[in-house]
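Note that chain A is present in both complexes that follow, paired respectively with chain B and with chain C.
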Partner chain A sequence: MAHGKHFTQEELTERLVIPQKIRRTIYGAIGLGLVLLIFGLLTAKAPSGHVDHDTHDTHSALVDNSSLHKTGGQDHDQHEDKEHGHDDHGEHAEEAHGGGHGHGPQHTITKYTSFFANFLLNNLYFLTLAMGAMFFVAVHQIGNSGWHTAIKRVPEAFTMWLPVAIVGLAVVAIFGNQLYDWLAVPEGADALIDKKRAYLNLTGWVIRGIIFLGGWYLAARVLRRFSLREDELGGVSFFKKSNGVAAGFIVFFGFTYVLFSIDWVKSLEPHWFSTMFGVYFFAGTMATVSAVMGLFVHFLRRLGYMAYVNDAHVHDLFKYAFGFSIFWGYIFIAQYLLIWYSNLPEETMYYDTRFEYYHFWFGLKITLCFIVPFLGFMTRNAKRIPKMFVPIGILMICGHWVDLFLMIMPGSVGEHWHFGLTEIGMFVTFAGLFALVVLTVMSKANMVARNHPYLEESVHHSTGAV
Partner chain B sequence: MKTYLLGKFWHPDHVYDALAKMREIGVKARDVFSPFPMHEIEPLLDIKRTRLTITAFIYGALGTLTAVTMISVIYGLIWPMNIGGKPTLPIPDYVPITFELTVLFAAHGTVLTFLIVSSYWPGKKAILMDDRQTDDVFVIAIDKDAMPAGSEADATRIMNEAGAYVVTEKQV
Partner chain C sequence: MGHHVSPIRQQWVTNTDYYAQITEDISRPIEAKPNLRWIAAFALSFLVLMLFVGAVTWTIWEGIGTWGLNKTVGWAFDITNFVFWVGIGHAGTLISAVLLLFRQAWRNSINRATEAMTIFAVICAGMFPIIHMGRPWLGLWFLPLPNTRGSLWVNFNSPLLWDVFAISTYFSVSLVFWYLGMMPDFGSIRDRMKRQGMKIGSKIFALLAMGWDGSNRTWSRYELVSLVLAALATPLVLSVHSIVSMDFATSVIPGWHTTIFPPYFVAGAIFSGFGMVQTLLIVQRYVYKHENYITLDHMESIAKIVIATGSLVGLAYMTEFFIAWYSGSIWERYIFINRAFGPYWWAYWIMFSCNVITPQIFWFKKIRRNMVITFIISIFINIGMWFERFVIIVTSLHRDFLPSSWAMYTPSWVEASILAGSFGLFFTFYFLFAKFLPTINMFEVKTLLHHPKQPKHTFEVGEAN
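What follows is the complex of A and B.
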């Protein structure tokens, strides 16, 4: 193209050298996080006492309990013959909350349960970043996208976090019976879980985990290798080969990401059904990874790299963040309304637990994951001016954490959730490790895919004056 | 009636070159007609940022307000209904209707505003600088009254050098 600055091969050849200051900051963050974590663990107390579930109607809740009771009562008659056989048929309003086991997990909650739940949360958090980035790379590859080529190495580096996430999830799997009801509860104790044991059993869970994570890592590895070989040899042969891998990955990802979210997150509450959970998990993933990539590209430009990336690229990344957070809100309310409108009282326990013990977090989640990005990223300038997108992006990052917190904690620790030094420390440690891994991977290769067929188009990318 | 100096091109890059060079001698194009959107020439045309997005937001907010008012008044006060034993004013119920009305108001309001502002009404005769501008020809239109004195020859030369296949005039 005739317009815009032309970049020579020398300008397009640059290696990231992690500045000592940044490196020290990252090590400092990891150290500080570990200190907070250990201090938090030492001061942690075992959850006190068993909360009587029958007295909770006094709590304020978004759902009007009394009217729900009516619905639950009516429906209970219809459902009685096929109910799960463990219902508390007492006079109390228990059936309004969807079966006797509606509240809280059935496994023993020790002071380490919250630690493992938190560990799972952070592993999933950064795994979603890696997988969102992987999806980003694959979908732009098969979409013949031109604009993303200049920033392609950033999501590619994100995907190289996968091995760490795999190790982390393996540790979670070893201590799985601390978290997952269906692993902790013996056979015969819970009729509904017994019905699901054909799918939810340890062997199947581990095998599926190996297939999913292994398949994703293989695809990430292959795409990365093609991309790096293309840097050396050039030509379009690697681009064409990547197309096939990316297309195959997207099909594989579509099925496995849903099953993965069911296996590792939804199965924390094995009584609950939701056909929208997979896409809900995916929506949160994409919104966050877009914001994180935008912040990362901005950070690299601030360090003086990536002169060929212009504001339009950052603008487009935050456009994704904006769009996917609306998508997240849509899926969130759709999942809620499916249960609300179709009168499924036995499914309301999922939200009931959250309204009762997590009402602050629930409001915070909707604010940070939907309202803040929706209103914040609405204008064009908000996606281009660092003073705007940096705070909004950081709020979105916190929002995804809260989102995962609300997915994981009620099923694993019930009402005994804890937020303090342990949680902050663990997240800071993981964030530091993630930054270290991503920056190290980035420093191993050229900052831009310099022989990519669409590079020329990408460096002239423009979203126009308006 | 205005007289326009027209440069007609086969290639979008030539349009960009011509616009960039003409700006150096102070000639600004009134408009460029292109078969497809060319975002990169927008800074060269000094196109002001559109205010249409602000109207879209206002229409959307109006839709939200309409929906919330209508549900509250009709469903909550005038004609409360018991549906499945749910409360008569449930917040989740608001969401789909509010969403739909917001989208409806924003979309229709924005499109209608655009049509009115651009004075497009049914039966309006199209103003075409060149009959092929919607097919494969790129046209730069320069208002002759707004050109700096004596710059016409330079502008013609620049457009010819940049690759225009013809430079003409047209009264519109």
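What follows is the complex of A and C.
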């Protein structure tokens, strides 16, 4: 452990030079991803209306369940329902929702819908990494944290992904009517959506998007500029100025991240509502970004950089991953339990769709987002030994993808989800781009905030016995 | 953090140079005779406690009919007080467990008093479900005990039963944590009393210290147990108020059934707990002259937590309001409009202004360091958080689904006395604690002393490269 070792200013001055091998691997990954993506697109078929009988039965049973509830029926056995669950599900759904429309999206699902949904998913995935990193930087700034100083440039570099995310989401916005019912369905066709049009309308959505993303990017730029100027000029004035920006950002972030999650994710199913949604989105964000930062720091150390970062830093990052995945589990179960317990059809429909067509994914999500990190990161050593934290971290990364998949697909493609070359290819392409952007940004500045007032504490960081 | 401390790092205890000084400052009030101010304060709280005893006796003697409840509003003051006191009981464990895990050194001066506050607040909270039963001698029926009552058994589907488990677990762990943390200090006091020839006192503290000998082995066990308890207590900070929120959120009553309730209640509980911490610590540091230990910097940190949690609560209020509109559900929309502009509008706006608007003035450093203003705001927070629960509970109930069942609720003098009296119960405990037990964690404050004056740095802050 580096505890006790002193680092000279020379040792604290290092620039990242992306090794050719790594650069080639990243380009290769992007290329491979694109090939898979294009191949997947070429072989894609328009979704057929066919639903196999098993799922149809369950579907009707569940819809029956909620419609019965509405008409006063309460305690009944689901198996019983299965027996007479062969009616056309559309009718039941109509009763159940009162809004006049059944399960699944109302917009036309073409063979490109799932492509756009997937594109949205990946944009959101990496946006959550950037925003989680931004929150991390801001909170540690105002919390007077010392330990994170040595690794601070990593989350800072993550936030510089935001411009790419902005472009990506702009593309999504252009093709918004492929995904969002409230953009696709004309006024007057759906009474429930019409009630929300004061908020869910194209102009408002775009303006809000510009304000949210613009505000976040502005804050990220300012914090990064202060941090880089501090490298050159030293002193504590940049540190002090950053406090104000970070505090302001956190307040702005709190309100906007909730609305952002409604605008871009929850409104995919515009009939459904849940006050918890923003918190849930945030919990997943933080759990994933902690794991990704931990893996990134580990990766840079493997490349021979960041000698001043020790196991304690990695340990603390994975403590966050552990803690936030428990927090995710808590938020997930709180939302799920309350909806299940009250059994109101306007709320349960969200899980109905997921149980019907996404049963496997639902179980996978809980396993990867909660059970794996919870059991995996329980011990101290698991957060320090690469053999443990690398696989667990990778599983968490997959878990967040599944989590977003479950948030996005049912509202955009309904039962016609697709997992194959397109999905893998797109994720690999995005991941390659993300790595390229982050590494390039890192190579543009010193690897460590070398004049940060808490740096000395950080390079001697130790978690002690635990 | 080791020995490498940044020159700009906040030092928490700066006006004390010697360990012995700390022991002396904290232990002296325990050994001395109670002063007049303490006697007066204790007598007053005991008097208020008698009001509690009287009102509760009357309730049990005469029945719940002495309260202002009616068929529509069947839950009001009692459950409001319950949730209020449980909420107060949240800051202590947050400070002792969560801040320990986050390596926040400033918790060392304030953890003891806030943990005590937690325990007394939970005791107060626990009274209310028992009182509301009307037949408290059947209180044992809360527990799933084997019995001869046939099919009469606790209802595991009910969040009210989950409360019993959640709160009793929380209470036990908090109590053990609190007691364990005092053992080294009990040891010190025992030894001091022995030296001063205080026979009875030293015997009592010898019993309490459970043979604490200050050896390496004892300390290493102590630290291990503390960490394990901190890890156990951390999820409890979240679970208790989450379960309490489910008393409401599992229902189908608009205004009660909303998914954000668990984390929102937790944020509110921490907020109200810290409000009470401000109230108590400002008094304590003044009365006991603990300004060197509970410094303005400590009070400033607490104020920052108050802004953060107050704003989170505000975010939750707005989210609820917005989603009520967004849901398109007429019941949801109605209940929220009714909350803010219906007959109980005043309660809503007391809640909103006390909880969301007032704490915002803590954004100014001057105000965070001004104890008079902080004290006033902390009282506002206590009031606001009590009203939050009142608003949630009463406004959601008073306009029933059938307009013919609409009703208003006014508390009777008995309920008002129980609420007032519960403060008597709380402060009686608190003053006993403040007199007879060490109010500041002596050995943990000692760890904050004696940092090297100027650590050896490889660079100087402010120096270019």
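The working rule: the second predicted complex is superposed on the first by the 410 of 466 C-alpha atoms of A that agree within 3 Å, B and C clash if a C-alpha of one lies under 4 Å from a C-alpha of the other, contacts with A are read in each partner's own complex, and residues count from 1 in each chain.
The working rule: a residue touches a chain if its C-beta (ideal position, glycine included) is under 8 Å from a C-beta of that chain, and two chains touch if they have at least 3 such contacts.
Small disclaimer: the values here were computed from a predicted structure and weren't measured.
Asks: Could you look at A:397 and tell me whether it touches chain B, chain C, both or neither (first, second, both, neither)?
Replies: After superposition on chain A, A:397 lies in contact with neither partner.
Asks: Could you tell me if A:439 is touching chain B, chain C, both of them or neither one (first, second, both, neither)?
Replies: Neither partner.
Asks: Going by the contact rule set out at the top, does A:380 touch chain B (first), chain C (second), both, or neither?
Replies: In the superposition, A:380 touches chain B alone.
Asks: For A:7, using the defined touch cut-off, is the partner it touches chain B, chain C, both, or neither? Pick first, second, both or neither.
Replies: A:7: touches chain C, not chain B.
Asks: Looking only at contacts as defined up top, I'd like to know whether chain B or chain C touches more of chain A.
Replies: After superposition, C is the partner touching more of chain A.
Asks: After lining up the shared chain so the two structures overlap, which partner does A:300 touch, if you call chain B first and chain C second: first, second, both or neither?
Replies: Neither partner.
Asks: Who does A:344 touch here: chain B (first), chain C (second), both, or neither?
Replies: second
Asks: Does chain B (first) or chain C (second) touch A:460, or do both, or does neither?
Replies: both
Asks: Take the contacts of chain A with chain B and those with chain C, and give the residues found in both.
Replies: 3-4, 337, 460, 462, 465-466.
Asks: Which part of chain A faces chain B closely enough to touch in the complex?
Replies: 1-4, 62, 64, 67-68, 70-71, 74, 333, 336-337, 340, 343, 378-380, 460, 462-466
Asks: Could you pull out which chain C residues touch chain A in their complex?
Replies: Per the touch definition, chain C meets chain A at residues 1-10, 103, 223, 227, 235, 238, 242, 246, 249-252, 257-264, 311-312, 315-316, 318-320, 323, 325-329, 455, 457-459, 461-465.
Asks: Which chain A residues qualify as touching chain C in the complex?
Replies: Within the complex, chain A contacts chain C at residues 3-4, 6-9, 99, 144, 146-147, 192, 195-196, 199, 232-236, 239, 251, 254-255, 258, 262, 273-279, 326, 330-331, 334-335, 337-339, 341-342, 344, 346, 451, 453-454, 456-457, 459-462, 465-466.
Asks: Can you tell me which positions in chain B touch chain A when the two form their complex?
Replies: It comes out as residues 13-14, 16-17, 20, 37, 39-43, 47, 49-50, 53, 57, 84-87, 90-92, 95-96.
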